[in-house]
Amino acid sequence: METINFVYNLIPDQFIAIIVICTIPLIFLIVYALLAILGELKISAWIQERLGPMRTGPWGILQPIAEVVKLIQKEDLTPDTANKPLFNLAPFIIFMGAYASFAVIPFSRYFIPSDINIGLFYIFAVGSIAVIGIVMGGWASNNKYSLLGAMRSVAQIISYEIPGAMAILSVAVLASSLNLEKINIAQEGGIWNWFVFGGQGSWDKLWVVPFTLILSLIYLISSLAETNRTPFDIPEGESELVAGYHTEYSGMKFAMFFFAEYANMFVVAAVLTITFFGGWNSPFGNFMQGPGWDVFWFVGKSFFFVIVQIWLRWTLPRLRVDQLMYVGWKVLLPFSFICFLFISLFRMIN
Amino acid sequence: MGLLNKLNEPYEAGGIILGTFEDILNWGRARSDWYLHFGLACCAIEFMAMNASHFDFMRFGTIPRATPRQADFIMITGTVTLKMAERIKKLWEQMAEPKYCISVGSCANCGGPYWEHGYHVLKGVDRIIPVHVYVPGCPPRPEAFQDGMIKLQKMIKEEAIFRKRKKLEEDSKIELSA
Amino acid sequence: MTINEIYEQLKEDYGDSIIELVENPPLDSSIIIKSSAVFEVCHTLRDKPGFEFDYLLCLSGLDLGENLAAVYHLYSMKHAHKAVIKTIVPKDNPKVPSVEKIWRSADWHEREAYDLIGIIFENHHNLIRILCPYDWEGHPLRKDYKEPEYYHQMKVPY
Amino acid sequence: MIEYIKNVWLGFWTVIVGMRITLAHLFEKKVTVQYPDDRYPIPPNARNKLYLDPTLCNGCTSCERICPVNCIKVETLRVVPDDPERPMIADGSKRKLWVPVYDIDFAKCCFCGLCTTVCPTFAIKHTVEFEYSTYSRDELYVRFSDMSPEKIIEKKKMLDEFQAKEKAAKAEAARKAAEEKSKTDAKAETSPVTESKESN
Amino acid sequence: MGEKKRIELDYSKIESDRMRLNVGPQHPSTHGVLRLEVELDGEIVTEVVPHIGYLHRCFEKHAEKMTYPQVIPYIDRMDYVTSMNNELPYVMAVEKMLGIKVPEKVEYIRVIMCELNRIASHQIAVATFGLDAGAFTPFLYFFRDREYILAIFEKASGARLLFNYFWIGGLSADVHPTFKEDVLAIVKQVRKTNKEIEDLLIYNKIFIERTANVGILPADVAINYACSGPVLRGSGVKFDLRKNEPYSIYDRFDFDIPVGMGEVGTVGDSWDRNIVRMREMEQSCRIIEQAVAQMPDEGDVQEKLPKRIKPPKGDIYMRAENPKGDLGFYIVSNGTDKPERVKARGTSFVNLSVLPEISKGYMFADLILILGSIDIVLGEVDR
């Protein structure tokens, strides 16, 4: 009896509620990932005057489901010479990093899985876990291409986190909080109050508008680098490194990488939405504002940025690894510092 | 008899549930075939043309993968030389099951124009790896590639997973006894 | 500069090493030289003012039955004139000096001629097979070549 | 410094230009032809699957000789003069050769079109058909001859009989000729069955 | 504070472990089945050893066994992207041996077809170059246009890729009646797309950064390696067989030879080689327009020939300007209807041999681009 009581005590009070709250982002993540895969296929096709998948369901909308069904059936290969524990662990770590970020993402004012005070910081911290997974996967595969891809990825993600963090930090300065909910609330009242236009305030905020605009752009660029998307997809650059760090992965493990990539895309798009583009707020002030609309606006804006990422991918060539560093350290970083400096000054004066 | 007991039985006895389940699995494999980004010779140019906008191979749910680990089928598009044959065999072995092979063009089918005096040409890729569909032509039209793809999809759809498992077991038994 | 003038000038310089000028209009005329003098003649052809053949178009090996031949097609970007140099070597000792040091493009051409015909180019820095696998036997473009039955357990004939 | 700013601006601006172009294409009319449902027009002279009209073929084997890859195999039988069928080729001329074997191996064919240009009766031609991919290579070996096996045996027998007769006649003639001290009889020995080149 | 100490580093002595990487034969951007053995110092390439022969299809052996007309299908399969251009030097050589002059109309059709094929080939070259740099979309725009060109080829010859269209003494078939209009429509379309690609890819800052100052090939090295075509012209050498040694009827047309000028980097870098191809497409358009205007409507397309083509004994070397460069055929005839030997000077074969020379010291990602800028077709490298 005692043991049962002990186990029972271990289970928190609102066990079911916790499970539900944890599951909602997971379901959202899976549905979104399927949609994003389809979106990627379709948008790339339309840009290239093609049609994309057409023969799986009407207009090919069942394509991602077929892919999942296929990937489940694929043989799960582990190379003989690979370091098996690390090799098998890597995709889970990457997926975990992506999924954990959803813990603080405020979908609506009534659905924030975990409303912690250091939300922005948490997202950045958890987002960096992915790089550990990439290195693990790349190194454990015992493949030279994977190793090269992993090495490039580390250098890239570390250097692009700094300008990205600078951009986010200036938002924290403007909102005087790291709490994502508070940041959202600070942008209420229409498109003009979003942080991309300097946030709420009187006309003297015009001084900071150019800087916030640049910072939002800087964050968009560094988020591309963090998610390994073109023009920064050198860790998996197909024409050089075959498939980069996931060269040796097959079946569901590869699907994990695949999902995590799209999940990360959503996370960075969500952060961009929250910090600069008003989060759940409607662009028309109180019009179309409310708990239901919150989800609509938030997901809608995030999807828009996901689409922008896809659009960029099918437009641009990719950078070389040293140019990537150049852009990161010599272009984005100085610009973000300058902008941050001015925004801080502005806050001090106000 | 539970459903699980029926798993090892042939499809005919499996009834509707297993049949539908198998259909869904087959549907997934047939509709989402990723191919190895791999070209050998002349047919590879038509292969590229087939991927381009006018013919758009991606309509069939195919995505090019650069690594054999993630590929479901390989298109041998061109002449297989003896020097290359060992590599192709290796590539085939690196691919994860279930995997398929389409041999495209005369050269891959049987050496094509080079079958007579080609001292350095492998006369047919089916000498080293199993081939599921043969597409004739030199080079085939892009539509012919797609015709081969449709035939492959048809073949996958009619595959019997559970029956195959049973058959494989029988085969292994025979092997063991022999 | 026509091929006759080139021939006469070479004949002056090298004497016996230049064997003859084969003329066959409207087809190409060629100068036949001794294999031992190939390097020197080619060097002169490249560097001597008036010749300045700075462009090696093609280097081919030929199987003439009894003998093997190496044919050099030269071109001058400056003067826009052409020359065909031929050298004939016996099949049992097919040695020709390499001209790889004169024209870098000869590197792969010589390896190809070695691979397919079996002419051995002396002083070539890396005379290995180029088209056939490194463990291939025989020189396929010789007239008496017989294709192997098996290569690495793969059947070769149809 | 100016160079630096210029480069950054150029980098930004050219990306915008590129994105504008791709955005414009996003809404353009798509060029894809959805193959099994719609078809791309194929000109009538397209060189796809070969087709032989056996009623037109007169067995001249010029296609077999011109074929660079030797994928055509033709065997012919001489038509006996007193054949009861009085065979005709579709264009009206008298048939001199039966074609019991006319095989094309499409696994070897290089679709160069040389055979169609040398054919005197236009019996062999390229069609626009290209959908004949198969699950086994043997299906690509196509036999075009319209003669049934029984008919082939019958014609062969006929020919053999005829040849025997001819031989006898020739032997007779030769004997007579020998009697008349004329030339040698070696010529008569050659087999009159037209054998085609072995493809290997 | 003490005296400042100058630290001198001898970079040549700092050495980390070198990594030997095997690129190919199956690799997305080796343009087929080329295998490169690359030695890397970090990301820097220290040595490149190309291993070729993975597509060695014994063309020269086959040519010895075939009659002269039968060789043409095999020549198509050599450089399978530019079949029309491949056939031209061969048929010109045999015609010269036989002493035939082909009809006027044939010459014009040949020129138009060659130039169209040149455009198609350059489109593939630029497209795959973009693909190597990571831009996938221009690739498909080029392939969309190429499809229109192939439609013309198919209407004329019946095949889409390997035509067997130029025959000794003429053509295999006459062109279709709407040929001229179709060709002019294509010229228009090609110009439109090229304009678009210039904005989308060629003058994109990222693309310029990737390709400018990468893989510099000086002119004297290019000549010593016997490079030809856009590779040679990219190094600033104004040499084009169509102008310098006009064959066929190229002396009747007015066109320029674009050369690399180092607009965004150094003369002879990858960007220059690429831009030469883009500009040559425009020049080809000009030639096509002039040729269409001058082309006679009536006329025979096949010269009378003996039934068996038996050129006199002797040898001939004929070359013509392929899109890839200078393609030569060395034909030795022994007086029978089969050639004694046909040696092809593969343009890509020669151009590829310069790769180890120009790719040392660049990064691994650059190596892929340098290879792409040389524009090789493995069918011609290995034959």
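Going in written order, the chains are labelled A, B, C, D and E, and every chain counts its residues from 1.
Here, a contact is a pair of C-beta atoms (placed from the backbone, for glycine too) under 8 Å apart; a residue touches a chain by one contact, two chains touch by 3 or more.
Treat the numbers as computed from the prediction; the structure is a model and nothing was measured.
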Key: Contact-graph distance - origin subunit B, target subunit C   = 1
Request  = Would you pick out the chains that touch subunit A and also touch subunit C?
outcome  = B, E
Key: Chain nearest the global centroid, as defined over all protein CA atoms shown   = E
Inquiry  = Please identify the chain with the largest separation between its CA centroid and the CA centroid of subunit B.
reply    = C
Request  = Select the chain at the greatest separation from subunit D, using centres from the mean of Cα atoms.
outcome  = A
Message = Tell me which has more C-beta contacts between its two chains, D-E or A-D.
response = D-E
Inquiry  = Centroid from C-alpha atoms only, then distance subunit B to subunit E, rounded to Å. What do you get?
reply    = 33
Task = Go ahead and note the Å separation of the Cα centroids belonging to subunit C and subunit E.
result = 25
Note = Rounded to the nearest Å, the gap between Cα centres of subunit A and subunit E is 44
Remark   = So, in whole Å, the Cα centroid of subunit B is separated from that of subunit D by 29
Ask   = For subunit A, what residues touch not just one other chain but two or more?
value = 47-51, 54, 238, 242, 314-316
Task = Return the residues of subunit E touching two or more other chains; collapse runs of consecutive numbers into ranges.
result = 27-28, 53, 56, 58, 61, 73-74, 137, 140-141, 144, 162, 200-201, 204, 206, 209, 382
Query = Among the residues of subunit C, which ones contact at least 2 other chains?
reply = 131-133, 140, 158
Query = If you go through all the chains, which pairs of them touch?
reply = A-B, A-D, A-E, B-C, B-D, B-E, C-E, D-E
Remark   = subunit D contacts subunit E in the complex at 7, 10-11, 13-15, 17-18, 21-22, 25, 31, 42-43, 45-47, 66, 68, 110-114, 117, 126
Request  = Within their complex, state which residues of subunit B touch subunit A.
outcome  = 24-25, 27-29, 31-33, 37, 53, 56, 58-61, 63, 65-67, 69-70, 72, 94, 96-98
Query = Within the complex, which stretch of subunit C touches subunit B?
reply = 131-133, 140, 145, 147-148, 151-152, 154-158
Task = Would you tell me which residues of subunit B are touching subunit D in their complex?
result = 53-56, 59, 106, 109-113, 115-116, 124, 126, 131-138, 140-141, 143-144, 146-148, 150-151, 155
Request  = Spell out the part of subunit B that touches subunit C in their complex, as residue ranges.
outcome  = 82-83, 85-86, 110-111, 115-116, 119-120, 122-123, 127-128
